[in-house]
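Letters A, B, C and D mark the chains as written, and numbering starts fresh at 1 in each.
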Amino acid sequence: MAEVTSLSEAVAALVDDGDSVALEGFTHLIPFAAGHELLRQGRRELELIRMTPDLLYDQMIGVGSARKLVFSYGGNPGVGSLHRFRDVIENHWPHEIEIEEHSHAGMANRYAAGASNMPCAVMRGYVGTDLVAHTRVAGITCPFTGEQLVAVPALNPDVSIIHAQEADRDGNVQLWGIPGVQKEAVLAASRSLVTVERIVDELEPKPGGVIIPGWVISYVAEAPGGSRPSYSLGITERDNDFYRFWDKLSRDRDEFTAWMREHVLDREAVGS
Amino acid sequence: MSVEAQSREVTAAETQTVAAARRLRDAQTVFIGVGRPSTAAILARMVHNPDLVLVYESGTIGAKPFHIPLSIGDGELAETADAIVSVTEMFNYWIGAGRIDVAFLGAAQIDRYANLNTTVIGDYAQPKTRLPGAGGAPEIASSCGEVIVIAPHSPRTFVEHLDFRTTVGHGEGNGTRGRCGFTGKGPTAVITDLGTLEPDPDTKELTLVQLHLGVDVDEVQEKTGWRLKVADQIRHTEPPNERELEALRELQSR
Amino acid sequence: MAEVTSLSEAVAALVDDGDSVALEGFTHLIPFAAGHELLRQGRRELELIRMTPDLLYDQMIGVGSARKLVFSYGGNPGVGSLHRFRDVIENHWPHEIEIEEHSHAGMANRYAAGASNMPCAVMRGYVGTDLVAHTRVAGITCPFTGEQLVAVPALNPDVSIIHAQEADRDGNVQLWGIPGVQKEAVLAASRSLVTVERIVDELEPKPGGVIIPGWVISYVAEAPGGSRPSYSLGITERDNDFYRFWDKLSRDRDEFTAWMREHVLDREAVGS
Amino acid sequence: MSVEAQSREVTAAETQTVAAARRLRDAQTVFIGVGRPSTAAILARMVHNPDLVLVYESGTIGAKPFHIPLSIGDGELAETADAIVSVTEMFNYWIGAGRIDVAFLGAAQIDRYANLNTTVIGDYAQPKTRLPGAGGAPEIASSCGEVIVIAPHSPRTFVEHLDFRTTVGHGEGNGTRGRCGFTGKGPTAVITDLGTLEPDPDTKELTLVQLHLGVDVDEVQEKTGWRLKVADQIRHTEPPNERELEALRELQSR
């Protein structure tokens, strides 16, 4: 059964320097509060895994918490570049990091393989692209048709962290709206944390609701508004203006650093 | 709107968006990212094809957004979708299985065989410009029924050699897709702010087949980084009609 | 878009003698009405595919409509044997049929591969069992770890038929409760039919609701009670007594034949 | 109930069911089919382990049935489940991934290494008796934390040689599971109406370790189709206590 605790206690108990950590949420339900708490606790040398790094990993990379980045689309959705993501790759600021990139299909299948405790997933893709020379993908032949397919290695993070709308007091979680790869990320990880908008006495199944039983989750922590500036469908709205604002602010290293100190590093943990 | 519509000149962007929307007249399903493709698809539902099913890689199938979404995962897409699936299911059961008729893709670089680069400008290890990366594009381009590329026409975008091949269009020309085992037709059109290019039926080399109003072949050639193939009978893009223009401007004003 | 029509018209338009046909529904939502209509229309030489043949395929095999049976568990759930299933294999009555059997995990992954338009699925299983010598499974090696895994061939029926609670007038379908492999079966097939308890003006998303868009379905037909003696959660209840009754009745060939004539073959199609 | 409970003699079936239920005292999750295993698991939730999570292959996780279900897909299982998943997800993300602590399995034939046959009696091509087949058993037995086999004790069931190996228990003895790459421990107990057998720690050969009330070793040997290994210190099954018996009889009377 998941232990229901505070965000700061959960992060302290779960994540060590050097861990591979997946904070998932596909545009929707991005666990910003948990990521910010990781930064406040000074975690370093992390292998950060996310299909879409989004603003959260732009921030985490920019403050120097990452040793490696595993991703499939590093843009500011609908706005443009992620400037900290670009700066670390183009100019190694604040330091050099390793990158491993895949296609969305590859990452999604890697999570599914991880959730199934399989060593790899078999799919069609990558063929004919320059990605093949720069990432972990291998040919594999269908024993029935002889068709040449590709295999991608399973993704099994040390820790997966997601955000959801609700949990009950036993740590059973319900999320609804765009589910992304969050269930797969939790099931693929050795340890996991789910932050939620609210803790309720009893989960009431919702249309489109995805239930993750508490017994496959390590920790659940209440973090109201914990997905902002992303959103939690039905509870908060995506702050599109902030995504545009970030495009301007994050271009400048000093402005970025000052903003992060004022709005993240020197702040208290949500829900603590 | 009508008066206002008349009162303003049609922009190249509007012509490009309308030209893209018209391509969806007979499609059942379209796969779209954000930006101009999304605008074109929503416009097509308003004007050309009210039953068109919009599919976004966030997992929303049959979304009916009233506003142009900023992200592919905006709440309105989830709230108006017929069905929402996980990203894993989207790529395996829907995109990979070849259920989508038309996919709109953009690119930072495109070559004469409509191969696309969205990864880096310059060297991969030491890029001049790091771009977002592949996203869903490689598998979308290999599996969807056909691909329509929407891109601004400039020598920076239309290049002789890609710095990185993120997504295969027609590879080295006719035959490549077959050898790769791709199920979809690949790029059938590249729609820019100057005109429309289509792959030559035999060689698959992009060929200028349509010019938007007020554009001539020389200008397109100037803004293309290779010696451009031009169709013998070049057509002119039918300008956006009043209904299309009003709908587009009304949509953008929402 | 799915064509909404009558059950008899849909079956007549969809299924030819010799087709491979999957009527799915895992204990819940078994499409009995559609299967019975297949029999009334005299379809023969069918390759019948179902994870759990259940009473429906016991009936279809018993009247001689099958050329081949593909399955993973041929029992009367909680009751015992399927006597027609046993009789055709043990005594070739009413005639000899070919069988291909898998494990549940194998069948489920075969449907998933079919729904993904992949030639095969990779999994762990079958290893060390006598099934390997009697079914279609092949070894395949993980290119990253070297682990020996198994591949099973994709399942792509000519026709898949399922039963659901609701459809709207455009043929969009919603089912809830135990979803089994029905979505996979529909997506894996060349053609498909969904029978529904009721047709509604607008689908109202339900907790646990699985939506199948009308544009991936060939036909939708209203068939109230069409899953009896199985059930449609929230609308009909599983007739456990009938499952027990069938155990007695179906032991005797003549009683079986008489019952089928009276209750199925000489009846009118549901909803027609 | 109490008086009634006293007034009736404890049946072998009751002892067997209670013995199985007790094995779930420390389990977090149990995977069960229908029949006696289901009864034992529901009894365990009533008496020994109220937090026990019941998982059925129909996709119901955390079902809390009030009645003993006839099928693994009864409506009550869906209505009371914490979560319901597709059969594909059940076998890939839950069973195959090794998330289930204990699985109850039955069999028509079992051999000295707890390998199971649920496929045919006689020859595969011309069977004397055609059994249902594999169902979920092969992958359940390879991936779940441990397997407890529940079977009636008779020479027809406990055979020297299986007619068909549907499910691997301990194969040819110690080491087989490792060679097969199985993640779970395999069978840790076989509970019958006469007693309990456990695999020898070194050889994995089934060994009689417990006798139910009123049963002696000779009777068990008589009903076992091979020369049975017997533990040096054989224990007697603690008879069902009043609480267990009342709960079981009340459950069966629902």
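To be clear about the criterion, a residue touches a chain if its C-beta (ideal position, glycine included) is under 8 Å from a C-beta of that chain, and two chains touch if they have at least 3 such contacts.
Being a predicted model, the structure only gives us computed values, none of them experimental.
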Inquiry  = Show me the overlap between the contact partners of chain B and those of chain C.
reply    = A
Query = Higher C-beta contact count, A-D or C-D?
reply = C-D
Request  = Can you check how far apart chain A and chain D are, centre to centre, with Cα atoms defining each centre and the answer in Å?
outcome  = 40
Message = Nearest whole angstrom, what separates the Cα centre of chain B from the Cα centre of chain D?
response = 58
Task = Express in whole angstrom the distance between the two chain centres, defined as the mean CA positions of chain A and chain B.
result = 29
Note = So chain A residues touching two or more other chains come to 112, 118, 123-124, 147, 183-184, 208
Inquiry  = Two or more other chains touching the same residue: where does that happen in chain D?
reply    = 92, 96, 143
Ask   = Chain adjacency by touch: line, ring, star, complete or other shape?
value = other
Task = Give every touching pair of chains, nothing left out.
result = A-B, A-C, A-D, B-C, C-D
Query = What residues of chain B sit close enough to touch chain C in their complex?
reply = 28-29, 51, 53, 61-62, 82-83, 92-93, 96-99, 183
Query = Given the complex with chain D, which residues does chain A contribute to the contact?
reply = 1, 112, 115-118, 172, 183-184, 187, 211-213, 215-216
Touching residues on chain B, where the partner in the complex is chain A = 34-35, 57-60, 69-75, 77-79, 84-88, 90-92, 95-96, 119, 124, 127-139, 142-143, 164-168, 171, 176, 180-182
Message = Taking the touch rule as given, give the residues of chain C at its contact with chain D in the complex, in rising order.
response = 26-28, 51-52, 71-75, 77-79, 81-82, 85-86, 89-90, 101-105, 108-109, 111-112, 123-131, 134, 147-148, 177-181, 183-184, 208, 231, 233, 237-238, 240, 243
Request  = Name, in rising order, each residue of chain C that touches chain A in their complex.
outcome  = 118-124, 136, 138-140, 142-145, 147, 149, 151, 153, 205-209
